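Written below as structure tokens is the structure these notes are about.
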Amino acid sequence: MAVLTRLTALVDRISPPEPVYAHCDLPCGVYDPAQARVEAESVRAIQEKYQASDDDVFKQRAVQIKEERADLVKHHLWVLWTDYFKPPHLEQYPQLHQLFWDATKAAGATKSSTDPASGQKLLDLVAEIDTIFWATKKA
Amino acid sequence: MAVLTRLTALVDRISPPEPVYAHCDLPCGVYDPAQARVEAESVRAIQEKYQASDDDVFKQRAVQIKEERADLVKHHLWVLWTDYFKPPHLEQYPQLHQLFWDATKAAGATKSSTDPASGQKLLDLVAEIDTIFWATKKA
Amino acid sequence: MAVLTRLTALVDRISPPEPVYAHCDLPCGVYDPAQARVEAESVRAIQEKYQASDDDVFKQRAVQIKEERADLVKHHLWVLWTDYFKPPHLEQYPQLHQLFWDATKAAGATKSSTDPASGQKLLDLVAEIDTIFWATKKA
Amino acid sequence: MAVLTRLTALVDRISPPEPVYAHCDLPCGVYDPAQARVEAESVRAIQEKYQASDDDVFKQRAVQIKEERADLVKHHLWVLWTDYFKPPHLEQYPQLHQLFWDATKAAGATKSSTDPASGQKLLDLVAEIDTIFWATKKA
Amino acid sequence: MAVLTRLTALVDRISPPEPVYAHCDLPCGVYDPAQARVEAESVRAIQEKYQASDDDVFKQRAVQIKEERADLVKHHLWVLWTDYFKPPHLEQYPQLHQLFWDATKAAGATKSSTDPASGQKLLDLVAEIDTIFWATKKA
Amino acid sequence: MAVLTRLTALVDRISPPEPVYAHCDLPCGVYDPAQARVEAESVRAIQEKYQASDDDVFKQRAVQIKEERADLVKHHLWVLWTDYFKPPHLEQYPQLHQLFWDATKAAGATKSSTDPASGQKLLDLVAEIDTIFWATKKA
């Protein structure tokens, strides 16, 4: 990220940077798929640690904390879907509804799974949303 | 971010990427100062919108929602301070305790202030923490 | 809703009533749009009381509590959309995605509005979802 | 409850139904024992699923989620007891205090039990409260 | 409190100290009316500061934060009533139900009031509960 | 506590009592390390009950509820550190930062431990903070 910071600085000299937040009609107006991504990374990391552990209390806590983190992913994605995206975005990206449905269902599926593959599938869907999100910010 | 993604890809070919999360002794282990930053950006954006508005209900909601967002900044910073940073980090960055105290106090101060300058001050302190955080990840 | 109750009564005389919950693949499996409806009724009631009051503290509290209630409506609707509804339901009711998007956006819109008409619009959309929900339970 | 619904239907034919919410001196004023009932149904459903499962992770999650749901039952009942019911109700239904005490204790008891009978006992007490609630709305 | 600590030490030499928590049939078993009292003190302090201020933003935040604190009082009292007190306590203190009803209603009443007298009334009722609580611990 | 109440009454006749809350620049201004202590006592009590039990569901719930209680300890300590203590306190007690870091880390450590010794260590650190807190109130 320190590297990214320096690269960003380089890019900033060439083209004006995109603002890091979008103003909507609510008081806040700051959105960033990073919020969903960080929690989804947490889900996958917990699944990996669960697999690597043979401590029963640790494994119980992993299942328990994963439940909360997966819930936060769902929440952050729902907020993006309902609050950030507007009808013109949907016209340009008609897959938005289905993509968010799939992603929030994938987040729900990580609750009952201790397989990091389910966490990775969630991360992939969050990355798809992230790509569209930043494309709409540039438009 | 799409630009960053491409630049990251370029950098990855030159040097191995930093992992995006740190493994600690808890089940999760994913930390990212972006969580505090996003909420702090929200605080400053709300202060700007408060100043630009003359709608009483809107202004009330701005004050109210800012309170929650500033609280989230405090929470994310406290987690970083207590859970991510370890004694060796403190040896290398002896200013850590004071920096987090100042930053969480600055977050508290944005609750009673509608001046975007207080939000900016908070963002500056979060940025200082962010710089140290990523430096420790590289070490 | 009083009308719905009477219609339910009529249906009950013809066929035995559906059980009030559906078992899904999660541990819980109980869904009921009544949860979203109760909170939406609360939103509209608060808006009506806001209009009828000239007590500044009361009006502030109305705006504040409405914010929380509208958030609960969004939450209950998101849960129905992501967790209850399955692909076969979507095939039969292709309007589901758009309907939930509209309803959750309508819930968000009641936060900045003190007009009971916005609460009523939300209740109408929740009623549409309720109708589809119970139709899928009978199928 | 299906029985109650049918009884309600019978009553509806004789007299016009009461509106589904009561206006109190708070900003909200909407109460409905359905909120407690839905969560209590969830508790019993989780207990049934726990009994039917032999998947350790599923059973852990069942215990964990049941804890939250039982807590919500307690919360919704406490709100009804303190906020909806008024001294005149207590005069007419002197058993109210004891009934709510028993019901919230029964909700607490479902936390440590995986026996659906404890969930059913809770539902029965919620149904008793529901009957009194709707009787007071008609009065 | 430092004074109290020294006095406690003195008393301890004369009679064995009461344990600071009660074991119940739940996993926790620690109860202390101090939790309700601290929040009730917060409610009264906020009302006093509200009266002393002429800063609109401050006064809005006072109303808003008082709402949360009063809610915490209600929650802590409900937990004591349902979880700590047992049937034998009720036999000895038949006023318990009514006392908790009055106290939680008084907590609710502080939400709409900015008069410190309502906060004081709440504190008095919490003190009555506190007296009974510690008497039952000695029994 | 009834004893303490009587002793307090005695002391009050000799010297004016310390105010039970401190006024800060926030609307509330009431602080009491008792909040952290009660939750820390709960953590240790849960660990003791965990050790004494051979009921799998009970033990799971103990781990789960301990997680929440330990989190509350961290929260209450963070609030004291950031909100109550001011720069002059730090001058007088230069160990404050490190003490709070150690205490919140000790609270985190009780999450993964079922050994009451870890709960006791946490209580000892909370007691150290409590001593400093009340000393600053007298100053």
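So that you can tell them apart, the chains are marked A, B, C, D, E and F in the order they are listed, and the count of residues begins at 1 in each.
By definition in this document, contacts are C-beta pairs under 8 Å (C-beta built on N, C-alpha and C of every residue); 3 or more make two chains touch, one makes a residue touch a chain.
Quick caveat, the model's predicted, so the values are computed rather than measured.
A.B. asks: Spelling it out: a chain qualifies if it touches chain C and also touches chain F; which chains qualify?
C.D. replies: Intersection of chain C and chain F contact lists gives A, B, D, E.
A.B. asks: Half is the threshold here, strictly exceeded: which of A-D, B-C or A-C has more than half of its contact pairs identical to B-F by residue number?
C.D. replies: Looking at which residue pairs coincide with B-F, the repeat is A-C.
A.B. asks: Report the inter-centroid distance (CA atoms only) between chain A and chain E in whole Å.
C.D. replies: Taking the mean C-alpha position of each chain, the two centres sit 42 Å apart.
A.B. asks: Chain C to chain E: how many Å between their CA centres?
C.D. replies: Using C-alpha averages as centres, the distance is 36 Å.
A.B. asks: Could you state the distance in Å from the CA-based centre of chain E to that of chain F?
C.D. replies: 17
A.B. asks: From the C-alpha centre of chain C to that of chain D, how far is it in Å?
C.D. replies: Inter-chain centre distance comes to 19 Å.
A.B. asks: Counting only residues that touch at least 2 other chains, which ones in chain C make the list?
C.D. replies: Correct list: 58, 60-61, 64-65, 111-112.
A.B. asks: If every chain is a node and each touching pair gets an edge, what shape is that graph: line, ring, star, complete or other?
C.D. replies: Looks like something else, not a line, ring, star or complete graph.
A.B. asks: Hey, which residues of chain E end up touching chain C in the complex?
C.D. replies: Residues in contact with chain C: 60, 63-64, 67, 111-112, 114.
A.B. asks: Show me the residue ranges of chain A that touch chain F in the complex, using the header's touch definition.
C.D. replies: Contacts found on chain A: 57-58, 60-61, 64-65.
A.B. asks: Quick check: in the complex, which residue numbers of chain A touch chain B?
C.D. replies: Within the complex, chain A touches chain B at residues 1-5, 7-8, 11, 18, 20-21, 23, 27-30, 32, 34-35, 38, 41-42, 45-46, 49-50, 58, 61-62, 65-66, 69, 130-131, 133-135, 137-138.
A.B. asks: What part of chain D is in contact with chain E in the complex they form?
C.D. replies: Residue positions touching the partner: 25-26, 74, 78, 81-83, 97-98, 101, 104-105, 108, 111-112.
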